[in-house]
Each structure stands twice: as structure tokens, then as C-alpha cells.
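Two complexes are shown next, each including chain A; its partner changes from chain B in the first to chain C in the second.
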Partner chain A sequence: MNQKVEFEVEEEEEERSRIPISERPEWADVRPLPQDDGPNPVVPIAYSDEFSETMDFFRAVYLADERSARALELTQEAIFLNSGNYTVWQFRRLILEALSVDLREELEFIDQIAKNNTKNYQIWHHRRWVAEKLGSNVASNELQFTGEIFSQDAKNYHAWSHRQWVLQTLGGWDDELAYCDELLQNDIFNNSAWNQRYFVVTKSPRLGGLEVTRDSEVAYAIKAILTKPENESPWRYLRGLYKNDVNSIANDPRVASVCVDVLTNEKECAHALNMVLDLLCNHYQPSIELKNAIDALSDNSDLELAKKVCSVLQLVDPMRANYWEWRKTTVPARD
Partner chain B sequence: MGELEIVKHVKYILTVEKKKDDFESVVMEHLRLNGAYWGLTTLDILQKLDTVDVNEVVSWIMECQHESGGFGGNIGHDPHVLYTLSAIQVLALFDKIDVLDIDKVADYISSLQNEDGSFSGDIWGEIDTRFSYIAICSLALLHRLDKINVEKAVEYIVSCKNLDGGFGCTPGGESHAGQIFCCVGALAITGSLHHIDKDLLGWWLCERQVKSGGLNGRPEKLPDVCYSWWVLSSLIMIDRVHWIDKGKLVNFILDCQDKENGGISDRPNDAVDVFHTYFGIAGLSLLEYRGLKPIDPAYALPVDVVNRIFLRK
Partner chain C sequence: MAKMTASKTQEEQWMVQNQVFRIYDLVYRLPPHAQSVNFELRRDDHIEYLTRSLTQLGPNFTVLDANRPWLCYWIIHSIALLGDCVDDNLESDAIDFLRRCQDPNGGYGGGPGQMPHLATTYAAINALLTLGGHKSLSSINREKLYSFLLRMKDTSGGFRMHDGGEVDVRACYTAISVASVLNILDERLTQNVGDYIISCQTYEGGISGEPGAEAHGGYTFCGLAAMVLINEVHRLDLPGLINWVVFRQGIECGFQGRTNKLVDGCYSFWQGGVAAIIQRLHLMIKEQLGLSSTFKFDCITESDDDSSDTDREKPMLEGLNNNGYNFIKGSKGMRPLFNSMALQQYILLCTQEEAGFRDKPGKRRDHYHTCYVLSGLSVCHHCNVKEAETPPLPKDVMGPYSNLLEPVHPLYNIVLDKYYEAHEFFARL
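So, the complex of A and B:
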């Protein structure tokens, strides 16, 4: 906690009152070590004075392998100047181990920097290292932390990766499906939340796996599709629930039915047309409604239904015209 | 629409990082070896690698090597596979892989393979399919793939395949174009592309093209020039690149140039950096833009460099 307060003060006053390390009495015995960029560096880097000085002292303690309290402080300063420096983080872990520091304080320290550096690999890796050492009683803390990140950036890849690791290593599955639902309520287009939902229904020890959850999940996906038919994610989720097996998909009457519903209101919806195409390519016998919905899209009555769908897709999605042209070649010959 | 400002981009690469107090220079200090790879590979694609002093680069790179055999991001930094691959790639550009103690480097990389076939990035153990790619690409360039269990490595990558045909960082991780490049690249190098459902993945990848012509890395995300590399190289490796609108993508990349001072940004009118400059130009190379050397989609090195390594006995 003390550490936390110190940082806030330090950050505010840094501009005015930073005492150069060389003028601090506790560092009087250390000779800073400048960066060796070689005699004639190809891409010479000009660093700011503060950064140079901090890193010069860091190099000195690092090479002396000084695992001390002041070295820990110094890594903190170096991290504030550049939180991406891999060597500083690694040395910090060695010091933390050597000094047996309370790692809960370390988590608080990470909180301070993590919020402004949510895409920094080193910070996430460090956090995982600390959380693993602290064990399952920090599971809820970690889930909450990633939740705070998602409230700013709901698709943060690092945070999702951390969250999946926490669930699998430290536990905390109980409310995860509800959490996915909460995120999807906020943004039905959030593909990360859809991915997490699939992760939960397939891996949660609480839910019994895909066989048990499939039926209700199909209903969930269909509801999402009807809300925003142009949303790629629930369409893929729906396929995923059937492991992309078109025969199983075709055997669920709800799938063809949602396509008809969507095409009735939004006749150029590429995802719905694509699903219809998959069904037709699998010898699915279309209902009158589905046939009418497709006939309404194109007046080219010479083409068979599946090829007609491809032609429509080429028109409504011209950027991928070659893809739809290729799909046309995969339409099986009429029996 | 405009042209590729080749002369200005060369000048940008050669002067990048020289600015005092530049944010990028502070950020770059620890990953200078990655920066060297991005910058020098760009110069090579632009056919201007001869403007660089080979010996200076090579001796600096060798000073970044750690006693473990791995490379740090700069002199005195700790080793990680991320920098080790960059070191090997830059040496490959100059036909200088021979300066390495090849077995020492290969032993460092192979020591990071885990029981399940995955790779850690360093001794601290973070696991990610990025590191699988890096290990496999590095060892292939060193002709030392026999030092790891390739079958297990492939098995792990396949375990990260998702319902949409893409790949994530670990099993269950969301499909992301950057991770997909790593997994497809590793499978291509090891001759294991049959594990990919090419039509399914190809469809997901071509859905990444948005109205502006640019590519995003995940559904509903903004386009970014870096995906011109990650998505495009993956599409090429699985032979589905004709499914996107290449002309629109070329225009999107050209729109991201700083036409005055050189360099390429993530999106039109943003600040340029060396990372996006590399990905933009590498992407244009994959699109066979005139005047550029062709680049290999799996090894991320110019094709002539790759041929020099693999067609030599």
C-alpha cells in the first residue's frame, strides 16, 4: 500500500523534483555504466538524460547482480520510464525471489502500470508469474482485474489470454458464462466474448461440455443473429457448436429457419446467404419459404438454387467475388 | 492514388531513431535487434541493403549474444527467442549465418521446448504459439530442425486451432491474424499444412478485408497495415490469396505513407514507425508491387535469401 502512495506522489512531482540518481546518497558507491552501442553504431539512438542515467545505474547493479532493496527501487524507476524492457523485468523477478517480498504488494505495483500499458507483453507475463506464486486465492482478484481492463478495451488480447490462464490454472469458473453474456449484452459484436463463451461451454468443469450445452447455445446464437444478422461472430459460433459439420447443422431445423427469417427482412445478408449455400451444397431440401426468399433475390431463373445464391453473393460482396466464384465451382451436380 | 515513395522510405529507415528524446527511441532501445530486422529487411526489399556497413551490423549483433547462445534485444540484455530469430534473420540477409556457433544457438532454442511440444520464449516459461513459430523458423534457417521434436511441436500448434479455422496463442485463445501467421508459417516450414482446413481458414482470412480495402486482425476491429503482412502471408501459404481484392489493399497501404518524410503508418494520416513501414512494404512485396524484391511468406525474408540458404548444399 505504501508503495502505491509513493508512486502517485512520484508521478505527480517527477517533472519538478526528480533528484538525479548520481546525487542521491544511497547510490554514492555505484559507478554508472553507459550503454555500449559499439564504436560506430549503424542506427545510433539518442536517449533522454533521465532515461540514460537510470539505465546506466541499472546496468551497474545488473552486472554486479545486486539483489537489494535499492536495486528493486531502481527497477521500478526504470519500468516507469520504459515498461517494455524485458531485462529489467527479469532482473526484478530475481530480486523479488531473493528478498522474499510480499507478492501481493507486487500485484498492486503491477496494477499501477498495467492500466496504462495494457498491451505490454512483459507486464502480463510478470503478472502471471506473480499470480501463479500466489495461487488460487487470487483467482477472483485476477478475474476482476481483467474485467477492469475489458471495461476500457473489451477485446484486449493479453487480458483474455490471462483470464483463460487464470480459469484453467487458478479456477473461478462459476460466473464465467454469465460474464460472457454480460459482455455480449454490452456489445453483441465482441468476437472475444464469443470466443470466451465457446471456451467456457467446451472447457468449464461446471457445465458438462458441448453435448449438454449445445441446444441452449444454438438458441442463444440464433437470438443474437436475429438481433444483428450482419454480425459475423454468432454465425461462426453456430457452426462451431456443430464442429462445422454441415450435416448436423442441416439437421437442426432452427438453422434454415433463421436464414429465412433474416433474408425476409434483409435480403442481402451475406452470412445468411452463405449458410444457405452450405445447406444447399449438402443436399438440403429447401422449404418453399427458403426457395421463395432466394428467387426473390435474383431473376436469373436458369440457374439452380445454389449457383443463384453464389451469383447474388458476388454482387452483394464484390470484394470477395473470387471466393464466391470458387464456391460456385464446388456446388455439387444435381442428382 | 499515388506511388510507393521508395527513395523517401529508404531515407526514413536510415535516419530513424536518431531523434533526441524521441519516444520511439526509448521504446526501441530494448528491442533494437527487432528494429534492425524490420529496417534492414525493408532496405533489402527496396534493393538498398548495400547502403549499410555489413561488418558494423554483424559485429554489433554478435555483441548481443548471451553466453546461453540466445540473443538479447541489445548489448547487455537478456536473451529471448524473439531477438534470437531477428539476429539469425539479419545475419541471413547478409549471408553471414556462418559467423554463428550454430549448434550453440540451436541448443539454446531447442532447450525451450516443453513436454507438450510447445515452446517457451525464455527461461521464465511464457508459452505462446509465437514462440513455436520462432523456434521452428530459426532452427530451419540453421538447418537444425532435428534438434527438436517436430511432431510434438506440430501437435501443440494444431491444438490451438479454433472453430473458425484460425489459431490463437494457446489452446482456446481467440483467433488472431498475427497468431495465425505464426501457426501457418510453422506448419508450412515443417511440411504440415495438411492440418489446416484451408477453405475454412481462407474464408475467415478474406473476411478480414474491410470496405477501405485494408485488413483487420479480428472481426470488428479496425484495419491496420501490419495485417497486410499477417493476413496476406497466411493466405499465400494456404494458396487462397486470390480471394481478396488485391488492388484495394495496395491502395490502402499506399494511403498510409508519409509522402513528405517517408515511412508508413498503421492507418492513413497516423504517425509512421519502422514496424509498420516494414509490414507495409513487405505486404506490397507479397502483392508483387513493381520494383520490390519478392519476400518469402513463411520465413519473412527475401526469396533470394531463403534460396541461398536452402538451395545451397
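So, the complex of A and C:
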């Protein structure tokens, strides 16, 4: 899925002085193998001569399972022409293993192509494979590499997955919470950084898990909410801190209180109302302040509070009117 | 905590939403006739663009040389959604080409001679099923495909994309989807795959590509559809997932893929498809919410006076492989929870080009976006009818009723008629 990423890869226009493979003495013994496209192929691509020739030679060595230095060289040329060809990458791994190549050089090779192809599954998978073989020595290098990617594209999905894999497999947790904070300072709307923060506070062996970190994280999220109440990320983060423990979210007075604070200033904040609704559906006994805040928004005095919140949401958040109408029908009966 | 100046996320968001609002403003200021032209689906032009691509692609498509079955599926599925089909010669050429992508040991690669890959296998199977007919359906080597799928099974319960490839939720979905539609799904394939997908549902409610990563529209579709197909969807937190997905539809009227990211036409299907699947999970959702069975649910009321009778007569087939069939034969117990009209407006006014569709204004058309924008538009058209085969009412279709697209099976994203044909064909094998 998400193949669209492969469209966004920019082609390299640079003209290189290239000797055709068929004219290179070291390839004289190999017969290139053309693609078996059939007489009338569909989706035929108008390949350049260079691409066709390179792939014809690649097919020949791949089929012969030739794990040699020249084959390794050839995979590099093929990858430069189309870094999305997973067959080439996989064969390259087999050759790297067979020749016991120094994988630090391989990491440099990936650096060269990765920076122009940051949304390519194959490159990231290859990078993970190399980093795993090199072990914990490269942890900081890998964290730094993803950091460079984030300085250009702070939400790069593959880079975040790679970073999480590095932390879990190779280590390097020490500064991760501070790093998340730094990214959030730059852009408090960066949901990927919030997600990473959640990953760290739940998974870092340094921090002792959510039981230990929850209290300070609630404070962190609330502070962010009060700065920009329209920012959905900290609201979801706050709710996430009580995942699998829905009763305690209703028992933490800070949660209801931030909702009241926000609604006092921004009556139409759908995220605050969404949270209030969750609290009420989880048997939260509403405070006078909260009741008053909701009553101030709705003149429909007959309804019970949770349904009243739904009615308000239908008006202030018309994009989701169907959803709020449905939520009204799912409010649990009062105990 | 945050700086006083706008952050990068805000700046990019404002730029896109202003561009979108300018388009809406422009169109709604036009006189009625000129306005209505903008809401017309340029069907013939789309079909021409798609058909031409099937026979000819320029050198800049080299970056997709390992995705040619995807190109086939995006194009052939789009043409089918538009109610057309390719001519006999082209159909025969497509079957022949995909046969050359089929590995002797099962599965399909990105082109002839490439290693088999789960994503291109899914694309090839869906393309062949959409072409339909005996020649196409019988070209699939199911026995070998089954052993390929089994070989891709990882110890985590998930699947890997290819020999030595990555394990993620896409791989789980594409493996389960093809096994299900070809009637070769069994316990060996489904074992622990549910555990893997559950571990990818994030604190936000959506599903990520790998455990720990960020909730994402594409993976949420994959995870949810796979869980329905293996009959384990009750293990997901459905109310949480629903809340996340409805919030992905933004002020621009289209869907974004993740929280605080930009709108993109392709999520019309990934997120819209999730919303469509949800409509048929009403019983499960009711149970998770702890609502009693006598609870009167928010059923569709406009067009279904005899709904309770038809419900009872649905054939319920036994076994894993019938989950997809029983799903589509069951009726929708819930109205759509997303805003279908808003999404149609975004699609028609912001993603439609002279021919083909794009991500958002300022981007260029491509086959991927054409496929998933059209799939999302089809979901919009058919989301208000209770039974899969019932034609929608004119008010469900934005623009002229001639905009109406063919319905899809939302778990596989195959046009419904073609799905039924394939289901019947493989049920006998």
C-alpha cells in the first residue's frame, strides 16, 4: 500500500560518462538476458538503453546466482537506476554475505541514495539489515542519520520506524525523551514526535514504564493543550496515557479540569468536548464547574449531560455531525 | 512551550486549506450552469487516460518497474469503477503479461523474472479478478500461491513481503486478502496474525505499520480489513478506532492519513473504506460498548421498510473463507459516520484533473491516486444504501446522477460484480 511514495522519487538527470556493460572486458563472458515481456505487454515502460542493458545483465547474474564482486558492482548500478527493485536489493544482500564485505562501506552506500529516496521501503529495510549485522556500535550513527532526515521531513514514517527499531534492537535510549521534547518545541503539532514520546515513556528501559511516567506526562500534555487547544495531538496523547485503564482517566481531576479551562475560553473546542464525552461515558461524576460549562453551551436542559455534549458537538463540529448523532445513541444508561 | 510564530505544520496546513477554500469559493460564486459543470465526473477523459497508459508508459515510469502489477490493478480497477472494461485484445494481453509475472513457485513479482512479492501478488490477483472470465481466473496457480504465502509467514504471526523482506501490516493484509478471495485461507495462515495486528493498534485508535509506529490511514485499512477476514475484528478497540478515523476528515473536506498531516485524495479510500467497513460491524461495536441487545440502534430509516425480513434470509456460509462473502451479504446496521457529501466535494473539485486524479491542488495526477480517489468516491456513493446491490438515491450522489460509480467490496477493493463472479468460481475449486 501507500505506493504513491514511489511516484515522488525524483529522477536524477545528471549525465554520466558511462561505458556500456557490453563493451567492458570483465563482462565479455556473460550473455545478457532480456526481460520476458511477451509479444504485447501491458503497462510497457519506455526504458532507456542504459536501464535495459543493466537489467539484462542483472537478470543473467541473478539467474546464474553469481555472488561475485562484479555482480555486487552491477547491483549498485541497477539500484541507482531504480532503487525500488527489491529483487536487486535482496540479491545484493546475498552477495554481501557471500563476499563478507565490510558493511560499514555498505552503510555509506545507502547514505548516498537514501537522502534522495527517503520514502522507499527497500532502502530502509536494507539499512535495518546492515545495522543489525553491525550491532550496537552503530546505534548512535543510526540515531544521528534519522535525525538528519527529520531535519528535512520531521514526519518521515520510514525514518521513525527505523529509529524505533534501532532503539529497541541496538539501544541508545538515554537522550530520546529530550530529543522528542526538542522536536515538539520546534513544532508542537508534530504528531510523529508525540507518537515517539509515547513510545519512549511506555518502552524505554530507563524510565520504568507508563505507571511511573504517567503523572508527569499528563502534566506535559496538559501544558501543550493549554498552549494550543486546537492541536489534536496532545489530546490524543492524554487519552492514550490512560489506555487500558479507562477508569483512572475519570479519576484524575486534572483531565476534567483542563476541559473546563479550555471550554471557558473556547466554547467550540471539539477536542475538549470529545474528551468530556469520553469522561461522561466512563462513569465520571461531573463537577459543578463542568456541568456549568456544558450548560452554558446548550439550551436543551432536558437532556442528560452526555447527550447534551453530543448535541453541542453536532452544532460546533458539523463535519462529524453523523458521528456525534450516533454517539448520542451509544451513551450508556445512567446508573 | 510552543513558539509564538506558526510552526511548520501550521504553515503547510494553512497554505493547503487556503488553496482549497479558494477553489470552493470560486466554484460556488459561479452561475448555476457553470457551477454544475465543475461537479461532473469527466468519465470519458478518465477512461481514455487510463486505457492509453495500459499500452504505453514513458521513461519516467522506470521508478515503478518493480510495481507493474500495481499499475495493472490501479488502471483496470479504475476503469471497472467507471463502469467500463478493457477490450478483448487488451484483456488477453493483460492476462498474458500477469502470467509472466507469476513465479514458478507461486506468487507474483513486480515484473517478469522478479521475485514474488506479497504486494504485487495482491495487485495481480485483484487485477485478474477484475478482468474476470475463465481464462483470467484459471491462470492463477492457487496451490503454489498457498505455499508462497506459507513461506512468507513470520514467527511473529505476521507476514514478510518477500524472501528476506520486511514484516508489516500491509504484508498481513495482502496475504490474507488474496488467500480469502481465492478460497485458500486456513488456520496455518491465520495463526497469530491477529496478535500481530492487535499489537499495531496505537494509543490514538488507528493502526500503524509496525508495533510502536504512528497510526496511519493505509495501515488502518489493512489491519481492519484483515481482522474482519480472519473473523477476529472483535479484538480491536473499535470505538477508539472509529473516533480516530472520523477525526481524520478535515476542514478541507477530504481525509488526511495521520493526525496533523495534510489532506490527500488517496485517503478517500483508505479512511473512507475503513468507515464503510465499520458500517457492517454494528453488532460487534454494540457488544464492545456494553449495550444490551434490545438496545434500539441507529439504523438507516430512509429506504428500508422491510430490513428485518431480508436480514434473516441471508445465507450464512461456514468457514474462514466465507467471512468476506458473509460480510458483504450482511446488511449495514449503521449509517455512515463520515461526511460523504464533503468528501465528494473535495474529490470532484480538488482532485479531479482534465483526465485522472491527484493528491491535492498543486500535485500532478497519477494512476495510484486515480485508483484510490475513485474507490473512495464509490464508497461515498454507496454508503447510504443498506444492501450492497441497491442503487443509491440521487441525493447520495453529488453532481449529476451519471457520476455514479460501480460499488466495491470494501474488504478487497474489487468491484462487487467481479467479486461475486470470482467468489463463485473459486468456491467450486
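Here are a few things to note about the model shown:
Methods note: the second predicted complex is superposed on the first by the 303 of 335 C-alpha atoms of A that agree within 3 Å, B and C clash if a C-alpha of one lies under 4 Å from a C-alpha of the other, contacts with A are read in each partner's own complex, and residues count from 1 in each chain.
One rule holds for everything that comes next: contacts are C-beta pairs under 8 Å (C-beta built on N, C-alpha and C of every residue); 3 or more make two chains touch, one makes a residue touch a chain.
Since this is a predicted model, take the numbers as computed values, not measurements.
When the two structures are aligned on the shared chain, A:Asp245 is found in touch with neither chain B nor chain C.
When the two complexes are overlaid on their common chain A, residue A:Glu97 makes contact with neither chain B nor chain C. By the touch criterion stated above, A:Asn190 is placed in contact with chain B and with chain C alike. When the two complexes are overlaid on their common chain A, residue A:Glu148 makes contact with neither chain B nor chain C. Look at A:Trp326: by the touch rule set out above, it reaches both chain B and chain C. In the overlay built on the shared chain, the residue A:Tyr86 is in contact with chain B and with chain C. When the two structures are aligned on the shared chain, A:Lys228 is found in touch with chain C, with no touch to chain B.
Contacts of A:Asp174 after superposition on the shared chain: neither chain B nor chain C is touched. Which of chain B and chain C touches more residues of chain A is settled by the count: it is C. Across the superposed pair, chain B and chain C both touch chain A at residues 35-38, 40-48, 51, 55, 59, 62-63, 81-82, 84-87, 90, 93, 121, 125, 128-129, 155, 157, 160-161, 164-165, 189-192, 195, 198-199, 203, 232-233, 236-237, 239-240, 243, 319-323, 326. Contact residues of chain C toward chain A in the complex are 1-3, 7-10, 13, 53-68, 70-72, 75, 89-90, 93-94, 96-97, 100, 109-115, 117, 119, 161-166, 170, 173, 202-205, 209-210, 212-216, 218-219, 221-222, 239, 242-244, 246-247, 249-251, 253, 258-261, 264, 266, 270, 289-291, 296-298, 334-339, 342, 359, 366, 368-369. Across the interface of their complex, chain B is touched by residues 35-38, 40-48, 51, 55, 59, 62-63, 81-82, 84-87, 90-91, 93, 121, 125, 128-129, 155, 157, 160-161, 164-165, 189-192, 195-196, 198-199, 202-203, 232-233, 236-237, 239-240, 243-244, 318-323, 326 of chain A. Touching chain A in their complex are the following residues of chain B: 16-22, 25-32, 35-36, 39, 52-53, 56-57, 59-60, 63, 72-78, 80, 122, 124, 126, 162-164, 168-170, 172-176, 197, 200, 202-204, 206-207, 209, 211, 213, 218-221, 242-245, 248. Against chain C, in their complex, chain A makes its touches with residues 1-4, 6-7, 9, 11, 33, 35-38, 40-48, 51, 55, 59, 62-63, 81-82, 84-87, 90, 93, 121, 125, 128-129, 154-155, 157, 160-161, 164-165, 168, 184-192, 195, 198-199, 203, 223-224, 227-228, 231-233, 236-237, 239-241, 243, 274, 319-323, 325-326, 329-330, 332.
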